[in-house]
């Protein structure tokens, strides 16, 4: 085996950290994103709950967050991080900026997916007397799910990229290992190895995403 | 006025650099992404030009590139950069990694958008004897355009984030200004100011994107 | 840039970062060079590795951002041909207060922040060894040690390696922080509040670095002499508030 | 009671105003099966969509059970909508859900017990003869099968008003007939009000009791089906009625007539109700000195009333022919002369 | 020539095999207007989609103009497809394109000159009476308007084969008739072959020369329209034909008969062609000692041939009635006894 310059335990820890960060922030981020994207779709000028103010506010908040480079975002929200998880550093602390990063990103992707749902389906829902929540729950989300799954996939991969930078607040993870111990220390074997781990991650996520999306789109 | 610590000319230059990087790499990246996403959609297991090999290759290439943290990506492709633009540093050199970054990203977004096109439309195209190129040109892309526009919007905003990191190879730009002169120097007024510029950028792009997408989706 | 080593070369470029070294160069050295008729251009390169690649490729002429240890590592791994011409004033790393305000408050399980950037992690572990909190593997080169090389950690200190720039912002989350001078400088921390300061190893002194084949170029010599000039010494005398460690050559 | 009060609807396409509905007033009583016919683009769907507020009138007032549907707040509107089933012209099935789930969804929205849902869906699927497709997805169905799922879905909740937008357009006559009979049964049994928009006049013929005829966004004729069908007033109504109750001599017979040099007149005779049961033709043949030839005939039953239309060539002296005509008139049978 | 050679198609849904087509063999000659009818789900659309290889048979051979369409390479297939126009059951219009562009697209694909495109599209839109909707988008059209755009689009390229999948299902009878007449004209003028899949038998009645009847994926009856309509063999064909050419006594008349105590027989008489032009009823009334009552009658024309169906109550002595029957038989008129 090639000498990587870091012990295996370190690699395993990094992998665990990445998985932890990705899944927890993805989970929370997805929930927020579903909420926000639904709000955007419902309140937009062509939506069934047209509301200029809410739309503009959510749209702007999403844009503002999306505008801030992730590394700066992390610093900006340190106080928030402290408030929520009690510390500003480490893997758990990284969850806060990661969520703040991924939620508006997924919001945009989901918004696009949900907007593709056929207007006729929404009319069917309205005709059945569905509440707004029910329209979303039983009609919009299920009909968009093939596209939503791919959006989550795309988002997850973006999130892995962000976790690499979360090393800046001591979050660890494979991406950070690649950057600091691999890239910055010019440890090319490690860099390649960690990138390969990332590729395996991404490829698996994409494969799973494609599988479910295709399965669901078949009908 | 608040003291920003950098001259106005510097800010203007940075803005110019960002615009230059975003638009050039977006233009080239979009072309590549349209190509790749169309290849993915046509050759995928449910596609009309089903081809396992091409699909797996393109899909994997896209995933591999998407897996690599941008900063590492930049280093990996330095030789390519040198070959294409003759230099490895500066704004123009940054275009190469930016294109390599944005193209597979947009590919995923476009793929998702194009997959949403109603199967019946594709059948109509086939029944008319359209070639694969014509199916794409006259049916898939026009029918997906509302979603494609939003995808470009989302991609553009992701691209702005990447330009910030392109400062590592001396590309300049507003994001880099925010990171280096603002964040690294802990120059908060500048950081805020540059972030505001970024927000204005993003908000404008999103507004334009939403406008055209809604306009097109109305029918 | 370019590789023309002719004595006629008056336009020189360097890669520039947002740290004290570039700034010191701009304020203390550049005016001297300009008086000699040089046109000096800085190119913003926020990443030292990229800056070295650019230097190695001849896209810029020199930089003043690294110590010998880093440069040698670069030469080894990247097939580089960089040489150090002269040490320059360097800002030493220091231990600063986190939530604890003096070294003897070190307690079991204390939290300590350490920079995660390659150029500085080792320096900080060396400093921690100097104050007696840890013991490093004596067989390893002090300038490249990592966390794995700690062989004794009697206080069970929990190290958090993170981007050093962010450390000042989260000072309160640690008991102590270890940061390099450039961070102290950027964060406007008073260097005199350091609880301990590193003994700068010769290997860790910042250097004027150029490409091997340019080491005898007239412009290179002129930069070296500027760093050694009285004018610069005077400047340092007026502007050093305790931040800078000044190598003997420059004193 | 569904009450359209002076309803107008204008769409704007590229600055061009399209008057889809113009001052429509109509009343549909509880228990009616009310049919609306009209040419493509007449505004039928737009009219129907007013009832559950999928379309909002630009002018006028839409009343359902006495309440202005467009003045209701959303939760009240939802309550009203839950009592209205709708079959869409373009089905609007959920592609992501199986046939079973598509039919179940109105029940799920009504928080019906799972067991009951299963019972009801099974029942509905067997009504529309698609029990074997329960697990299929809409994209795996034929056009008519999709439509039947749409019908089952609309009936799931036992609505008190049923809106049918071309509910049988994709169905063959036999399936259409069985669906219509099903609707009729439901109408009888549960006294639900059914509003049917269609271009298939035989649908109206077969189950509606009242009908409105639309043209260019306006209602041009309205009344009971028998009134309108047996005696259409507007030209377009006549044309519509002709397609189910034709009343013209086939072209190849017309040709033969051109060579006929005898003295004759062509009488179009409408037998309605009891008149249709009497042997008028026999009587004429045996009591008058005329020769007759039936050139065209159609017999239909509308709402338990027989309507027979005959075109008879009556050959003979003018005076004899006139006697035949007065015989017809004496018997209060409608007739008119056909001029070729 | 369109030649279905022993074609089968099986779909698999959740491991369940659905035999949409089972050993179908059919030949459609150039210039035919060939109709396919059958209940919803019979396999009509699947059959039609074989012709331009939108569906690939699991078994059998699909020949178009003598070539196996599934053996062609893609560029040859495209050439064949360009000569085949198709009207889809679900329209499949491009939502992103205006009505004008939707109709223009086959022409654009054929690299037709811009000026010519404009001329042709304008012409087609006026054919389908939608000239005023040129700038509208599909979502702004009524169901029937969408279908008409689909028709215009299919005709744009002057195809030599036209596939119509329920091409008039969303149209009112008058628009249907005018579209059918248009198809007939094109068929005559350009000798194009038209394959019409429909559940509306009157469409077949009105323009087809040949017809196939499908049930459960198989062709159960085929022949000229006149053969099949005047003398349907299969039960389901009879049921279909009845819906356009009814041949039953209206229920309310049947009731009256129950109270009729006289000696009578009910004869269902079919007049075909020239027989229909003769005054048979008059002859009976004036030459035999029977009383007659026409209980039901319908007269239709199929392919320039008149088909009249009368149900006549013949009242009198058995011997007289028998004479009437032999008179009918002498004249080679089909009859059968109706038993209530």
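Lettered A, B, C, D and E in written order, each chain numbered from 1.
Everything below uses one rule, namely that a contact is a pair of C-beta atoms (placed from the backbone, for glycine too) under 8 Å apart; a residue touches a chain by one contact, two chains touch by 3 or more.
Remember, predicted model here, so these are calculated numbers, not experimental data.
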Task: Least hop count linking chain C to chain E through chains in contact - done: 2
- [ ] Could you run down the chains that neighbour chain D and chain E together?
- [x] none
Task: chain D reached from chain C - shortest hop count over touching chains - done: 2
Task: Identity of the chain that, by mean CA position, is farthest from chain E - done: C
- [ ] Compute the distance, rounded to whole Å, between the mean C-alpha positions of chain A and chain B.
- [x] 18
Task: Inter-centroid spacing, chain C versus chain A (mean Cα positions, whole Å) - done: 37
Task: Interchain centroid distance [CA atoms averaged], chain A/chain D, Å - done: 54
TODO: Could you tell me the distance, in whole angstrom, between the mean C-alpha positions of chain B and chain D?
DONE: 56
Task: Where chain D touches two or more other chains at once, by residue number - done: 90, 137, 139-140
Open item on the list: Give me the residue numbers in chain B that touch at least two other chains, ranges are fine.
Closed with: 71, 75, 146, 179, 183, 218
TODO: Would you please write down the residue numbers of chain C that are in contact with two or more other chains?
DONE: 49, 165
TODO: Could you please write down every pair of chains that are in touch?
DONE: A-B, A-C, A-D, B-C, B-E, D-E
Task: List of chain C residues in touch with chain A within their complex - done: 49, 73-74, 76-78, 113, 116-119, 146, 148, 160-163, 165-166, 169-170, 173-174
Task: Residues of chain B touching chain A in the complex - done: 44-46, 59-60, 63-64, 66-72, 75, 105, 108-109, 111-113, 115-116, 146-147, 150-151, 153-154, 157-158, 160-161, 164-165, 175, 178-179, 182-183, 191, 195, 198-199, 201-203, 206, 210, 213-214, 217-218
Task: Complex contact set, residues of chain C against chain B - done: 15, 17-19, 43-47, 49-50, 53-54, 57, 59-60, 165, 168, 186-188
Open item on the list: List the residues on chain E that touch chain B in their complex, please.
Closed with: 52, 54, 75, 77-82, 84, 86, 88, 90, 92-98, 105-106, 108-109, 137-140, 157
- [ ] In the complex, go through chain A and note every residue touching chain C.
- [x] 6-7, 10, 74-75, 78, 82, 87-90, 167-170, 176, 180-181, 183-188
